[in-house]
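The first chain written gets the first letter, and so on, giving A, B, C and D; residue counts start at 1 in each chain.
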Amino acid sequence: MSHETACILNAGDDDADVTITIFFADREPVGPYRLTVAARRTLHLRFNDLDDPAPIPRDTDYASVFESDMPIIVQHTRLDSRHSEVSLLSTVAYPEG
Amino acid sequence: MSHETACILNAGDDDADVTITIFFADREPVGPYRLTVAARRTLHLRFNDLDDPAPIPRDTDYASVFESDMPIIVQHTRLDSRHSEVSLLSTVAYPEG
Amino acid sequence: MSHETACILNAGDDDADVTITIFFADREPVGPYRLTVAARRTLHLRFNDLDDPAPIPRDTDYASVFESDMPIIVQHTRLDSRHSEVSLLSTVAYPEG
Amino acid sequence: MSHETACILNAGDDDADVTITIFFADREPVGPYRLTVAARRTLHLRFNDLDDPAPIPRDTDYASVFESDMPIIVQHTRLDSRHSEVSLLSTVAYPEG
């Protein structure tokens, strides 16, 4: 089973509204998932906990894109106990406009 | 044996035509390998599956360069069971012009 | 127990004054922690050793932000023996003005 | 014992002259180490093999800076069998002028 998490940091003084879209190999993307990271706080996200608008299918590879109205830092970790695979991706998300 | 994979994300609304070139320590590069990542889709690539214009030699270190006519994100993972080595490289490939 | 470290490189010819701020999920940030990385030197930092203005709480997830008056390179490693988790983050910190 | 390696890729059509400087916590940097990565080739570097102008001290932490007269990509791996630590750093080095 894959345990995929993201640690989101909002080092600024305003709450950040974040939307996450999940992409798959063989179906349309799911989302947006919406969450708020409070000012000067971290948020530890387990992708398996996302359920609105729909749970993320298990046993299916996916990729995620974060968008935010405030600058945030996303550190992404995937642990796959089947293959002892460690997958890491660090991203800086900035508001687009 | 080395199991090298790449997860490619095309988050855009147009298909991305991707070419991959493989570089070696002691011979000329091989390629281009061509593949298409559909709009709003991921593609999980196993380098061992590449065979046109030629399979990638086994037991040989190599490096890969991705080029794309649309913005894509490439997350690269190498698992080498001989040395428990985990190798990761995340790349953003943009069209050149 | 989590063993979190950072390797800081100051490749320049002037000492770098660095401040670190620690962010949490459910409380105000702690800091600034202050340290100096001498010119042309590395510094290996164990977060558990930081104690001024306050030790970092154990068993609590946190994120760190580095600021420096000189360009430095920070390579961040987290080893979590509970989950065999390896977490890596490489950052380049530049002075803001 | 630490096994530190770097995979250098020169995807261009001109040989790249690379210099490496090694930085320490408590002594002056050592270098430059000089090597050439041929056009359209990779080079797999073991830091323990570097010996001119001097071998890199064993059992000592260090950081390395790569400079090149042509664009290269450096993928850096550190395996520390004492702590099962995996350390990764990917860098793009461009000529300065």
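The criterion applied here is as follows: a residue touches a chain if its C-beta (ideal position, glycine included) is under 8 Å from a C-beta of that chain, and two chains touch if they have at least 3 such contacts.
Only a predicted model underlies this, so the values are computations on that prediction, with no experimental measurement involved.
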Only C-alpha atoms count here: how many degrees separate chain C from chain D in terms of the superposing rotation, rounded to the nearest 5?
90
Provide the C-alpha centroid distance between chain B and chain D, rounded to the nearest whole angstrom.
23
Separation of mean Cα positions, chain C and chain B [Å, integer]
33
For chain A, write out the residues touching at least two other chains, lowest number first.
86, 88, 90
Line, ring, star, complete or other: which describes how these chains touch one another?
ring
Chains grouped in pairs wherever the two touch, ordered by label
A-B, A-C, B-D, C-D
Partner chain B, residues of chain D touching it in the complex:
7, 9, 11, 40-44, 73, 75, 77, 79, 86, 88, 90
List of chain C residues in touch with chain A within their complex:
21, 23-26, 28-29, 61-63, 65, 83, 85-90
